[in-house]
Every structure is written in structure tokens, then in C-alpha cells.
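One structure is given below, represented as C-alpha cells, and several questions about it will come after.
Naming follows writing order (A, B, C and D), and every chain is counted from residue 1.
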Amino acid sequence: MKNTIKKIAVLTSGGDAPGMNAAIRSVVRACAYHKIECVGVYRGYEGLMEGDFKQMNARSVKGIINKGGTILKSARSLEFKTKEGRQLAFENLQKEGIDGLVVIGGDGTFTGAMIFNQEFNFPVMGIPGTIDNDIFGTSHTLGFDTALNTVVDAIDKIRDTASSHNRLFFVEVMGRDVGHIALNVGIAGGAEEILIPEEDLGLDRLVESLNRSKKSGKSSSIVVVAEGDKIGKNIFELKDYVDENMEGYDVRVSVLGHMQRGGAPSCFDRVLASRMGVKAVESLIEGQTNYMVGLLNNKIELTPLDNAIKGKSKINLELLRVSDIMST
Amino acid sequence: MKNTIKKIAVLTSGGDAPGMNAAIRSVVRACAYHKIECVGVYRGYEGLMEGDFKQMNARSVKGIINKGGTILKSARSLEFKTKEGRQLAFENLQKEGIDGLVVIGGDGTFTGAMIFNQEFNFPVMGIPGTIDNDIFGTSHTLGFDTALNTVVDAIDKIRDTASSHNRLFFVEVMGRDVGHIALNVGIAGGAEEILIPEEDLGLDRLVESLNRSKKSGKSSSIVVVAEGDKIGKNIFELKDYVDENMEGYDVRVSVLGHMQRGGAPSCFDRVLASRMGVKAVESLIEGQTNYMVGLLNNKIELTPLDNAIKGKSKINLELLRVSDIMST
Amino acid sequence: MKNTIKKIAVLTSGGDAPGMNAAIRSVVRACAYHKIECVGVYRGYEGLMEGDFKQMNARSVKGIINKGGTILKSARSLEFKTKEGRQLAFENLQKEGIDGLVVIGGDGTFTGAMIFNQEFNFPVMGIPGTIDNDIFGTSHTLGFDTALNTVVDAIDKIRDTASSHNRLFFVEVMGRDVGHIALNVGIAGGAEEILIPEEDLGLDRLVESLNRSKKSGKSSSIVVVAEGDKIGKNIFELKDYVDENMEGYDVRVSVLGHMQRGGAPSCFDRVLASRMGVKAVESLIEGQTNYMVGLLNNKIELTPLDNAIKGKSKINLELLRVSDIMST
Amino acid sequence: MKNTIKKIAVLTSGGDAPGMNAAIRSVVRACAYHKIECVGVYRGYEGLMEGDFKQMNARSVKGIINKGGTILKSARSLEFKTKEGRQLAFENLQKEGIDGLVVIGGDGTFTGAMIFNQEFNFPVMGIPGTIDNDIFGTSHTLGFDTALNTVVDAIDKIRDTASSHNRLFFVEVMGRDVGHIALNVGIAGGAEEILIPEEDLGLDRLVESLNRSKKSGKSSSIVVVAEGDKIGKNIFELKDYVDENMEGYDVRVSVLGHMQRGGAPSCFDRVLASRMGVKAVESLIEGQTNYMVGLLNNKIELTPLDNAIKGKSKINLELLRVSDIMST
């Protein structure tokens, strides 16, 4: 039996990611297509508790598909972690006549939505938006593909100067506790080594490997380090260790930082966002709740929010092997 | 039982695509990793027949992973379609002690490889390299993802000027007989309509749709036209028809052309190329022959060349629907 | 003696160019800085005659410095060429209490402004915005530098495929009647020949030159053709001629089209726009009128609109010679 | 009287910059055009002392105009600062029959060349290649324009995430002791404040300015900090100070690092490099020596190396004022 959803709210929460605007646009237009009202909520759960809402129609999301960031702004909310905060949010939604909520974000965002759903039996649907790709139930989170291209472009530039000067660069990339970004950009950037949290190479073996590659005739090298990797205390101490234990390289560090989160989304992320937004809205209409939409084997599928949060997004071990072979 | 492959040749043939160099690099490095010799063949089957070979080692492919085009050059060969041509090629391979061949290209390339394999029982392995994504047995061909981003970037630019002047643009994109590129960039570029060979919209319905969107308040529009679409005789006649049958739009045409084939490959294409090259070499080593390596459900799998050629790469009908909803 | 300007209007007219938004932003913020009111006029002179005005303050132009196109939209107006049209515009300006007008555009735009100034003694100031760089009194028009980078990026991509296939490409670039874009991108893109309106190479000498370069060992070539060049009837007939009169090349054509007008402005164009906007506003405040602001020897200077229109923007002959030497 | 130069050597030294390859290409092709031999020297003055030379012809520099870095590699040499080192270099040049030297680099490079010229009366010519634009006698050094675009692109990305989260970012950019990069990207990136070595804003006034902009309704801000600025001990302590003395902002730091040195050169840098290379070679042929070629008022002019080193490249004070007005 179909639910009689009449008004859907959409918000972005947690760290922003390219493709969030494209997802907002898709939610809004899917609502318009199905003659459902749509409301944008500013600053994630903060705006939900403050009633910071904006009526949106198909034209409100004109020209945003190619913009990084999120026009609805994002925030991390402590208050929504309290019962009182969520009560406030529920009352605001009721007051506005909203009967479905689409949240775009990562696992923190989904945890909030799931608890909210359990407490108030309020229909919620999650869209995975984070560059880190650390969500179970989707092969790709929104923003991951764009971030990969942004990082690879930066590494290409660093390689220009590395190879002109016979330098060794340690390049730190984002990814929180997982090595998805590091692993992919490491292969694509032609890195000598890739240091990820999932694998403990060890300082000795790192130096050994770098020495071997130097002997094999490589005059410059790039080592990609995931921010979650714990090989050195941090990337600067890692550099110092290698500086002391290797000869013949001028060693440098580059921490790519927040530029990884911005920029126009790639074609892949725009299409994925468009597909996910439609699926989220139509799932709510069909009476589904408490799911995340995700990309599985190139199809958009639903995964219970609970699984999405508790499951672990695993790195592809084949990529580790490919990386090893590529640095021959 | 494992074959005792000792020397592998690699060539690129047909239209070039971003990622071909990354695939060459991967084949060469996978050979080095497995202590197999590797030979590059220039200008595809032409070079095979002329014996235009070059010994390659891991260092020969330094610095090419991010380069568009193909360092081995490409060509379309009529002579290789003759028995005499293929005999010549076989003799050159034998003379050089080559016992396995990796071909990077599209269906024409694979047809040549398959016939060659049948006639001389010579181990061959195909890697799908074309921006058109028109090969069965892989969700993505090499270069497709890069071309999507190149085209979307161009459409973003065209939209800047379209919306400044309230113009309607017909943008022709590549894709041969299939609409993969058009469909994806149409969604990502926020196109009003997408004209693809797989679907016959008809001129009347096109004009009707454009009129409807104009009435709904859109002041500018982009229509993406796949080069294989037959709605008008060609895109210029299509423009003339719309010019005559619609009012209030300044209609323009942009044929994006060959820039779609070039440029630094995306992260996705570099990683895919690296994975495919390894799989192609290791499959030959394992005694496999006459297959294409492809990406299926995010895994690298083998598909018989025969199927890859005869099968049809179908567009995702869900995307058509998403496009329709997005242009609300 | 200083004028007592209290309210300035700004409009964009003619073909749009990257940097126009940055110039609008600068005019608006310079007004805010000097405590002057500012009004945006939509669709150029059309909006002036229709009274399509919008009050703007410093926050109205937030986030537009990096956007292509023009948020005020642009148009070409026939009605403003009539006395009645200009009378209407004058009345609208008076009604709104506007006492100064900044127009951003090319020579057509300036001609309109100059006549308007003469007829109504209304203070006007011009900012040169066009990718063609065909305005006298400034070494760079807004958008020229961005367009150069856009075109060079496209030519780099075309070269990838040209050199993979040993092809000869004719690439048509914008520039109206002058060869500024062609000359610069020809050098930067490593073109074999550059065909510009200012120089008549002749078909025979073109073929001769291409034959010579082929003999010298070049396997692929790019010829940049300015849209205003008249060597063949058009670029397709030029291709046909070369096809018939040269051997050994696969000849192709690429017409880059309107993507040249869009895209995020370069750093240079953003800084130039910011400087020009300030100068335009402050010149009006100082009582100047009927001038264009321009970049001369890296300084922002005023040129009478009359000179800007009648003067001829000349190509740098040194560049022709450099191009010749580079294609050695 | 014209010198009878028969063989010219070219080298790159010091920090690499985009456009160096385009300059090498220009020197080599200008030599070919004038029927002079040309020799590439690897790793700057190091290679000169080791005799690490390579004969180059017009085809040797094929396909490098759009590549970042330097194919001749670069290095900083201590040994060349000794009389013995320079003697060695001179002997190598004589042995090879080289009678002119073009050095591409910054002031350290020019100092070496000038001393070498004085000691051995050896004809030298300098080309300014550094992203910092800190050379007297040229309005633009090679690589400056490219670096500006690279940095602005990164700032645009950072702004996406800054404005989604209402954050304040301190972005550190290169530029050694001068503020050229910071000043230009600050204006183009819409920075709230620009901190450069040439102007001491002071911590109090910085906080005051940021508070004022917050009150005026700006929810996020970017402050560009030149690496040579001394306002805080370093950018991280600057962040800490602001964190402690301001409320309502989430403050972050991004150090852009070495990616600023790489990437395909802009059209401007490629054209400039081509012009400079020709002028350097032709000036040596004409018997000039001990000069730097530079861009002055859009013309390529010679400046004595001595002046280029001792003169000070000053920032444009007008830009400071424009920046101030733009952050209204």
C-alpha cells in the first residue's frame, strides 16, 4: 500500500561533498514531477530544530547541478543528539505539514535520522554524501569520484616539480579512517607506495621499498598517505624519519587539505546524485522508510540505514595488488 | 595447465581514447613484474605487419599514465583484413619470439584479433578502449569516463553563454551508434532534452517539449544530440527546423568534435586501465586466450571476444527516466 | 570639480564574456565603498528601455566573481538604435534617480553609450568586455585571457588525438574580424600555421608550408584558423582544398564554437575586472564621462569612447614572427 | 658588430616553474631557425660542471610546450659558487664548442650567470622563470600567470566548503619574500584580507577587520597569507590567535604547497616563453651578453643581469586598494 506523502523536506548534514547540490536538485525536481511539495532545510539538523525552512520548486534549484558545496549549508549538530532537540525538530516538521525527510550526508547524519525515525516513526531516507566513500551499501558515495579527480590533478602537478628536482614527496589525502581515496589516487597518480589504515607497511619496509625503487632507476617518487594512516605519528614525523634513514632524496610533504572537498562535481557524481534523489523521493512515496539509497552493481538499491551505519565499507584488495605491480 | 608465455606484444588500434597510455603502461609493468619480455607495436595492426616493434621495460612507460592519446600511435588497417596481411603479422610475431598479444581498441580491433587467433591459434587478449562505451562485456570502456567529464565541462561553458542570452543550444556529442555519452552528459549538463539513436522522439514532440519548458519559465535550454541520432538529417537541419517552428528562442549549434577524444584520463580511467592491463597479462600467462577483459559489477572479468563483438551494449533505461524527471 | 553622483546603473550588453560578472561585482562594491547607490539593469539596453532594474548592494554580488556569463543577462538591442528607444531609456533613468551609467561590452555597446551621452548629456563610462580583444585603448579586454586558456586546453586535447593518428587538424577559433585569439593560441598550441584576417597567406603557400613540415618529420599538425579569415570560403572548403592538394594526411576540422565564451574567468580577468570596475565608478564620481577604462602598460587608463570605437586594435607583428620561428 | 655564435647551450636552474619547457623549446627552435647548434644541459649548473649535455634539434622539443616542470631537470648548485666549479663548467663548454649560454631561472641563477660571464667573458643571457614574480626588469616571470590560475582554482574549491560550513580559512600561498601571488589571488579569490610581507596589518587590525565583515553579514571568509608574511610566527599560530580572539567562526588552515609549481602552463606563459626564448637567442647572435630578457609594457626588452638581481620587483599598490574596496 502506498503512503500518501504530500510534502518532503531535504537537508544536507556533516562534511560537505561535491554532488550534494545535484542531489538537492534531484530531490526537489522529483517532488515537482510527482506533484509533491518540497521544503529545503538550512544547516542540517540545526535548521530542522530552528525551523529554518524554505519552500522550493523546480526553478529554485536552477543552475546548481555543477556547483560544489551545498546551497542548503551544512552543520554538525550536538543538540540533535538530545531527545529534546529531536522533539523540537519533529514539532517543526509537523507544523509545516512535512511527512517525509531526505537526509544527505555520512554515517553521523544517518545515525541521527535512524534514531529520529525510531522515536517518531517519521519516514526518512538517506543519500550517502561524503568524499570518503566510507559508507556500507553503496560502491560510491557522492563526491568520491570528484575528489579522486581533484586529488589526481594535484598529484600530477606535484609530480611535475618532483621529477624536475629528483624529489620524494609525501602527499597526504583525505579519507578519514579508510584508504579508498589514497588507494585510487595512488594508482592513478603513479605513486611508489600507498599508506592506508587498512594495511600496516611499517617504516622499515617503506624505506626498504623506496631504496629499491631508487636503485631501479627512479629519480623521483610520490608516496600517497591516507590521513587515517598511523605509520608515523603524523606525516611530518614520517618525513623526518625517511630523511634520516635514506640518502639521495630531497624529501617534501604536501597536505592537500580542504580543496579536496570542493569543486564542480564530475559527470559521474552528477548522474549518481540525480539517480539517488529520484530513488529517495519515490521510495518515500512507495511507503519505504529508514533506508539509504546506494549504488550496487550499477543499480540504485535500498539498504537499511542500520546496515549502512554498522556495515564496513571495505577497500578492494585487488587494487593493493595492482598498485604493487604498477610500481615495478 | 599454465602456458609458458615469455614475450608479450601490445598495440593500440582504432580511434584513440584517454586511458590507452595507462593501459599500455600497465601491460608493460605487469610483464616486468612477471619477468616476461614486452614489445610495443606501433600504429596497431599496421605496425604488426611492418614489424614496427619496440622493446619496452618498466621505465619505457614512465610519465605516461596521465597523457591522452597513445604513445604507440593508432591506425585503422585495411590490409590486416586480408589473409596475406595477417600472415605477415604472424611471421613478424614469430620472428620476434612473441607468444602473446594484447590489443587495446574497440570492436573492429577485437574482430581482427579474433580472426587472427582463429587462423594462427595465437594467444590474444583484448582491452576495451573507446570513448563510446559501445562494447558488450564491460560496464565502462577506457576513455568513456574521461570523455564524459570533458563534454560536461564544455556544456557548462556553453550554458554560461546560453543563459546570459536566453538561447537554445543543440550540442552534438560523440558516441557512434549508441547514446551512452549523450545520456550521461545530458543528465549531468542539465539538458532539456537528450536525443539518442535508441529512442525516436520525433521532431514534433521535441518542439512540443521545448515549448512546454519555455512556458514553465526556462529562459535558456540545452539539447544534447548524440552523433548517431537520426531525428533531423543532421544537427544543422535540426536547428533550422526548430528555428522555423518555434518562437522566442535564438537557436545555436555546437559540434564538440575531436576534443572529446583527448585530455588527461580521469582517475577512474587510470585505475581501470591499470587493472585491465594486469588482468590481460595474467590471463595470457594462465593460458587464457581470445577474451576481452572488462569491468562487470566493479570486478575485472573475462568475456569471450566473440560475445564482446556480437553482444550489444545497452543504454540504461533508468537514465532516460531520470533525465525526464530532471527536466521538470 | 567633482560631480555629485548619487546612483549608478550598470549593464552588460552584446556578446557575453568571462569576467563580466567580476566587473559587475566590482562596480557594485565600489559604489558601496563610496556610499553610492547601485542599480543593475537586465538584458543591456533592452532592460534600460523597459525599466528592468534591480537595486544592488555589496551582498547582491556575493559568489559571482568566478562565474562565467553575466547575472544581468545580455542582449543586442535594435530599439536602442532609435531616438525613441534612447528617450525611453533616459526617462527610466531619470525616474529612478540614476545619474551615471556603466556599460560593459564591446564596440556596439560603446557606440550606443556614446550617442546616448551626446543626446542627453548623461554621464557614461565603458568597460571593455569581449573575448575578441578587438577594442582600441586596452591591451586586454575582459574575457580575452580566459578564452585563450579555454581554447589552448581544447587544442591540447585535439593534439592528443591528432598525434596518435598522424592527422592534420584545422581548428576554427573565435575573434570576429581580428586574429588576436588565433595568434596567441596558435603559438601556445604549437600550431603549424595560423590563419588570420590580418595576413593573407594564400592557399598555395599554406599547402607548401604543410608539405615542408611533413617532410621535416612532423607526423601530425594543427592549423589554427581565425573565424574572420577568408583564405577558403569557409573552414570546410579549406579542408577540402587541402585534402585534394596534399597527400599523406588524414585532414579533419574542428569548430570550437560557443564554449569559448564561457567558463570561470582566469585570475587575470578577475583582477582586471576588479580594477576596471573601481576605475569606472571613481571616474564617474570625479566627473569624467564618455570614456572607456582600459589596461595600458599594466595601468588602468581612460580612453575617450570615440577613440575606443574608431581606433583599431592591432595584432602584435612580433607574434607572427615568433609563430613562424616556433614552427621550425 | 655581430658575434659569430655557432652553438648555444640552455639550462634550467633553481625552483622549476610552468613555462620552462616552453622556453627550452623556444631556445632550441630559435637556434634551429638561425642554423645554430643547440645543446641542452641537465640539472642546471650541476650538469654544466659534469658535462651532462645533450645535442638538441627542433624535433627534440616536440610535445613539451604544454608540460609543467623542465625536461632538462633543475637543481641548486653549491659547487658552482666556487671558482673551481665555474672553471670546470667553462672547460666543458669550450670542449663542446659552445659559445653562448641561456639560463632559465630566478635571481640565484642570474647571479651565477653574471659571475661566470665576468670571470670568463662568456656570453650569457637570462630568462626569468619562477612562479614568484620577484625579478626586476619584467612585469611577469615565467610561471607566474599559471600559478595564479592554479591557486585561484584551489581557493574556489576551498570557498565551496567554507561557505557550506560558515568557516574562516587561512590559505597560505607561495611567493617567497614578495606578495605578488597573494595579492592577485586574494583579489581574484574574493579574499576578505590579504596578508603580504610588504604591508604589516597587525593581528589586532586583522581581527577587527574580520569581526567587521562578520557583522556586515558575511558568513564565511578566506584570508590569503603570503608565505613570506610575518604577521604570526606561522600560519598555524595565526590561526590559533584568531581562534582565541574571535567568536562564531570555525577557523581552518590550508597550505597549498608544491602543487602551485606544477601543471600545464597557461596560454600567457606559453606565449611569453616563446617570445623570450627567441629574444634570448637572437640577442646572443647580435653580440649582446649579460642581459635578462623581460616583458616591459608588453614588449620583450633587455635588462642588465646586474639590475635584474639588484632591482626590487615592487607590488602594485593600486591592487591593495582594489582588494580593500572589493571586500566591502
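Please note the rule applied: a residue touches a chain if its C-beta (ideal position, glycine included) is under 8 Å from a C-beta of that chain, and two chains touch if they have at least 3 such contacts.
All values reported here derive from a predicted model rather than from experimental measurement.
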Kindly point out which of A-B, B-C or C-D repeats the A-D interface, defined as over half of the contact pairs being the same residue numbers.
-> B-C
Can you name the chain that lies farthest from chain C, using the mean of each chain's Cα atoms as its centre?
-> A
From the C-alpha centre of chain B to that of chain C, how far is it in Å?
-> 36
What is the distance in Å between the mean C-alpha positions of chain C and chain D?
-> 28
Chain-centre distance (mean CA atoms) for chain A and chain C, in whole Å, is 39
Set of chain B residues in contact with two or more other chains = 156, 159, 163
Make each chain a node and each touching pair an edge, then name the shape: line, ring, star, complete, other.
-> ring
Can you name the residues of chain A that touch chain D in the complex?
-> 12, 15-16, 18, 20, 67-70, 73-75, 150, 154, 156-166, 169, 252-263
Enumerate the contact residues on chain B facing chain A in the complex.
-> 25-26, 29-30, 32-33, 58-59, 63, 65-66, 139, 145, 148-149, 151-153, 156, 159, 163, 184-185, 187-190, 216-217, 264, 266-268, 270-271, 274-275, 278, 297-300, 316, 318-319, 321-322, 325-326, 328
